[in-house]
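Report on the structure given below.
So that you can tell them apart, the chains are marked A, B, C and D in the order they are listed, and the count of residues begins at 1 in each.
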Amino acid sequence: MSVPTQTLPRQLDPQQLAEKFAATRALTDHLVSRLSPEDQVPQSMTTASPVAWHRAHVTWFFEELVLGRVDNPEHRFLFNSYYEQIGDRQPRPQRGMITRPSVTEITAYRANVDERVTEALKTGDLDERALELLEMGCSHEQQHQELLLMDFKHLLSLNPTDPVYLERPRDDAAEVPSLGWIPVPEGVGEIGADAAAGFSYDNERPRHRTYLPGSMVADRQVTVGEWKEFMAAGGYRRPEFWLSDGWATLKETGWEAPGYWRREEDGTWTTFTLSGRRPVVDSEPVMHVSYYEANAFAAWAGRRLPTEAEWETASSAWSYGDELDPDRCHPNNVRRNTLGGVWEWTQSAYLPYPGFEPEEGVASEYNGKFMSDQYVLRGGSALTPRGHSRKTYRNFFPAPARWMAGGLRLAADSPGEPR
Amino acid sequence: MSVPTQTLPRQLDPQQLAEKFAATRALTDHLVSRLSPEDQVPQSMTTASPVAWHRAHVTWFFEELVLGRVDNPEHRFLFNSYYEQIGDRQPRPQRGMITRPSVTEITAYRANVDERVTEALKTGDLDERALELLEMGCSHEQQHQELLLMDFKHLLSLNPTDPVYLERPRDDAAEVPSLGWIPVPEGVGEIGADAAAGFSYDNERPRHRTYLPGSMVADRQVTVGEWKEFMAAGGYRRPEFWLSDGWATLKETGWEAPGYWRREEDGTWTTFTLSGRRPVVDSEPVMHVSYYEANAFAAWAGRRLPTEAEWETASSAWSYGDELDPDRCHPNNVRRNTLGGVWEWTQSAYLPYPGFEPEEGVASEYNGKFMSDQYVLRGGSALTPRGHSRKTYRNFFPAPARWMAGGLRLAADSPGEPR
Amino acid sequence: MSVPTQTLPRQLDPQQLAEKFAATRALTDHLVSRLSPEDQVPQSMTTASPVAWHRAHVTWFFEELVLGRVDNPEHRFLFNSYYEQIGDRQPRPQRGMITRPSVTEITAYRANVDERVTEALKTGDLDERALELLEMGCSHEQQHQELLLMDFKHLLSLNPTDPVYLERPRDDAAEVPSLGWIPVPEGVGEIGADAAAGFSYDNERPRHRTYLPGSMVADRQVTVGEWKEFMAAGGYRRPEFWLSDGWATLKETGWEAPGYWRREEDGTWTTFTLSGRRPVVDSEPVMHVSYYEANAFAAWAGRRLPTEAEWETASSAWSYGDELDPDRCHPNNVRRNTLGGVWEWTQSAYLPYPGFEPEEGVASEYNGKFMSDQYVLRGGSALTPRGHSRKTYRNFFPAPARWMAGGLRLAADSPGEPR
Amino acid sequence: MSVPTQTLPRQLDPQQLAEKFAATRALTDHLVSRLSPEDQVPQSMTTASPVAWHRAHVTWFFEELVLGRVDNPEHRFLFNSYYEQIGDRQPRPQRGMITRPSVTEITAYRANVDERVTEALKTGDLDERALELLEMGCSHEQQHQELLLMDFKHLLSLNPTDPVYLERPRDDAAEVPSLGWIPVPEGVGEIGADAAAGFSYDNERPRHRTYLPGSMVADRQVTVGEWKEFMAAGGYRRPEFWLSDGWATLKETGWEAPGYWRREEDGTWTTFTLSGRRPVVDSEPVMHVSYYEANAFAAWAGRRLPTEAEWETASSAWSYGDELDPDRCHPNNVRRNTLGGVWEWTQSAYLPYPGFEPEEGVASEYNGKFMSDQYVLRGGSALTPRGHSRKTYRNFFPAPARWMAGGLRLAADSPGEPR
């Protein structure tokens, strides 16, 4: 197959990497500084991980892949997530059983690896591949910063006392901008990451041609207010809007609103946030909806979800504007042509791009082996560290998942009235 | 979006439809004529259905959609598969609990609906939409002929006495043709069904443009002999070839060979067929493998599965050659440029084509609502009635499914040595 | 330990056994004569078995234990229920997958074994132990007659058309006799079967002394009308009456009435019977209640369930009066001092009597190995063949089981007002 | 029924109670002093609880039942174990999700309630019933001291690094005393607690007559060495020794040795203890065996488990000798006529004694509602606080449970050779 754009290897600068490494590690520490040791241990469900585990795992990743030497073999066993090539590991559902090493010991482990990486950068001990893996390790830790926040939110939500991770002022609703459409013209387009253009994961590459059918993508996300209309129209009671698996999931789980929402005695809705339980805000993007729900909403609206290619093509009209603010950790009100706040479900299954080549070595297990039974989300969320995401970024989750910050924007075959 | 080819409505001929209807119904009866009433009742797993239920369900489909009147409301409840618009129905996992109506009564039900449809065709009581639905009903019954055979095979396989559905001569292995490659040139191509070109399901439409990356598709299917090489190379023990969900499924199920295979005491492999348990035949296409296994095989071979678009483009080089022979019900040896024998997994998730419009009315639930967490298989199998499948046909199953006649052919980015 | 009564071996009369054997086999055939082949195949749940399997299993039991030779080794695999000493067998949850041998073949199998057993009895080929096992085999087949009816009732109940096994006239309610109490005086009593006194299972032996605390046992069973009072008093909504496991089961299952009951739109209750769905009858004994429900009812009534020893001691005041009538298969109205209609839950766990000795050989697995996590029921039911049960008979089921004909009678420490 | 012994109400001394209360609370604090906050949060399985939860729950028990006022309503919700009368509560499987209140806050909660109880005792604010409940609350906290240790052991065991709760010297094996038998003569005996004779739970009362069949009970527990003989004899591979449910559990779980045992590469066995992983010691009592295993061992040995009545009668020959030593937390070597080390499974189901009356009020839910599907264990273990258990004490667990310190001693109908 043809590779549309010729790529040259990027040159990585150790000094810049050292700064990025330090900043990334510091952000994790900052996010965790509000947590007690108790907060860091439990695992709220199999697909989530304890905060302490996240902290140790990202550290082990640097030790294993960049430094190439794991001082304590127990760390390899305990903190390997899923790398089969590295050997056996703590079973995923039992990550919450690890009370030793303690949080203090994990903090020390982090410091030790920080020191060793920093030293290795200074002494020039890291070859080009190690530098690449260090860059990837920073991106990896950023991913875990978001995971850590969303997993911890899920854990807190199971505490009936509605605890608060961080205090913040009450929310101010705003007028929601009317919906505009970004046209995506019919024809051959190009999507995907150019390896020479800066860091990207293997799953974003290669940049490649695709055929766009000619369509429109909404210039803003679906709001809480719009979701309430869907609910009022019987959205959770009318199977005609739902995928079959989605309807079965709804029946099984009893879904009748987005994740974390609760109908109060006065009939209003609240939602659980990292700042405790709060009334939902109509002008915010709807969040914690599954692929099934996003699809059903779009069907109800007479629209559909965009494909990855449509989304990425339309995204040239948009800017990032609502990434992680560690003092907020919650989306702002919806704005036009603005990315962030919530990840946006696309209609596209998470599959390899034509010409996809996994990373070499252990890193080959980073992305490719998850390319089944998941859907791509694009953009980024209010939990995504600044600078982590990009327009070619492919986030992915299974269709029923709701605990990440997932929302949606609509697409349409034509700009006319919805059917 | 643009529709590449202008389509005109097809004119359906009642006389031809009457013949197709009669032939379709007769084939079902023929396939079932080898079964006792006992054989027709049990449901071997939730995703399979009893033979008697298949026979009644396809009959109800004609009654409900074509005749527009269900004489016995119990039939509507018992034999509605999944049409939410029609109302409640027997829970899917309890289809095997229906011992009444009896097999004799179901036979009478079939005769009654046969008569009513035939009469309506004669008297011209069916409008154009009813004729379209009658045509779809025939295709629907053909699908259930394959389902009936594969479900019944699964049921029989759970009987430790290895019963025989039909006797047939012993298999003769043959020389396997060496593997050739069909080039699929880079550029804009067209796939999908043209509504004017004959019957197709809504999920095959519209015919639309797509971008082909430039690749090669194998001119024959993977054989049993090749699969044994994969097994000998540790295919079922080496996680590096597997998707993560696939490896987890393997661990959970203990898969170490395709479905129905059993290692005998002398170390050889047998497989359960509709003619009882038999030695596997190296020159036959491998069958009863899941998407996960197909993917792992391709990874081991340094190749990949074709996409739907690649498959359909390459298929112009192929002819159907191994469809249902009711006296065999088992694939023949692999031949080049020949379709049939086994359905072929593609890499593509089952998703709507650009511009997809579901059928109107009840039939809207036929295909579209299953477009999640499934993968497309193309071609047809030795259980697919002659004339049922076509090159635009999109069959679909979840990644772990093995009880249908699923196999594979390989694709490659380039014709060089596999990596 | 002491054996209170000296026992002498009983002498078994081959002629009498031949008659008993013939009559037992004939009753099974009679009960099944109303069923189609379809009816005989499905297994409605893991703890139930198909009718055809029951018919073949009891036949195999005679072949294996009495004749000592199983002609067809497949029968040994297919129709061995749980005898580990005999080897592997069809997994219990897959008994409903056996469509071959057919019902006709099973009928022939029965005839063949009938002939061989009859012949062996005539020629005197059976030694004393074989005669004992033949007697046990008849009792075993009687047990399966009841199982067959209750399992088939469960199967039919899953058919939404409420099919009818046998027609019978409408029920006539009657006046319920007021409740009297049988005093059970304090002191040493004797319970259990005397081996010399006629056939008994090993679990009923030995006859042994026990200490009775001094109490009262009701002279009739609890009625449907009384159960409705319990329901009206919130019996299914008030945890204070329930064992902890019972309450958890209620929460999980949604129980709000006995098994097979359904609240109709007019607020009345119907129940599924072997004669189809019918209004419940206040003067009949309540049936299809679990140990948990029986216990909760007794707690609500300020009473308790009797122990086995109390029940057996009190039973000298009672006669059997409502055993299987093949043209009714349903309890009659409650009468004082009458056994049958429904099995009666006791408070006693199913445990070995002091001095319990299992049967020898394969038959050792008949009863003893089930002595955990089950509760004893006494009496007999309207599905129990005449002459099968006796006052020392120990039936047993797990606490949540409802599909057998289980009801209750009350006991009290003192005859005063309930607390 | 008759109450064999006339009882007079005991008079409770507030000063003695204050001392008992202080000592009990101090022991909990001492046991927990070795734990980090991390250690106290996770819940290792549904039937276990977090250490922090145990600490708070026992505190709430005093607040709710003795003081009659719960200051913080969240504590009522979070730390109510199963008292339905008190209202809704944190679902049991989610006790491990409570990271707030923190361990520090729970420590403060304990101090607050300590102060309030102590003050109330001083001021005489507690009526007679409150004093009784205070006494029960101390016994309750002692129970939770054992639960806390066994639950924490289970949690630690899931950490692959084999962490250590407390260091202790290596074990010294000893000669195992030969087995003697305590005769239990046939006739009427008396068992159960006399309410006037000191504190007892409701489930131990009333003292009542029972008939003893005449038997023998072993004068010491079964040892690790003897258990190895059972294993060597195929104990875990021979279904003939096992209850049916036990064998099914073995097949499902893969049991091949007691809980926590692991076969090392050199073929020796180690076990996980609160002092880390250690070689098993032949002269210690076998521990962490289920009722099913205990039963199978007894069957293999040609013996049986004693009934409660036999055990309690024989126990007059025994003294407590191996209760909780907080610096050991592990059984000592087996000695004759000595109780403790491990709880001993009896053959008896956990059922109400004749004349059983539950405690009044909320405490009525303490014991009675668990009287189904559990078996009685007698004696006490190396994790049971000194003075907590007594010879009438009825501990109870479900048949498959292994995580508590459960072992066994044998009984026999006659002193002859085992069968």
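Everything below uses one rule, namely that a residue touches a chain if its C-beta (ideal position, glycine included) is under 8 Å from a C-beta of that chain, and two chains touch if they have at least 3 such contacts.
Bear in mind that the values here come from a model prediction, so they are computed numbers and not experimental data.
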Let me spell it out: compute each chain's centre from its C-alpha atoms, then which one is farthest from chain A's centre? C
Distance between chain B and chain D based on Cα centroids, please, to the nearest Å. 58
How many angstrom lie between the CA centroids of chain A and chain B, rounded to a whole number? 36
Mark out which residues of chain C touch at least two other chains, giving numbers and ranges. none
Taking chains as nodes and touches as edges, what kind of graph is this: line, ring, star, complete or other? ring
Touching chain A in the complex, chain B uses residues 1-2, 82, 84-85, 186, 188, 208-211, 213-215, 239-240, 242-247, 291-292, 295, 304, 307, 347-349, 351-352, 354-355, 364, 369-373, 399, 413-414
Which part of chain D faces chain A closely enough to touch in the complex? 36-42, 44, 52, 74, 77-78, 90, 94, 96-100, 102-103, 155-156, 158-161, 163
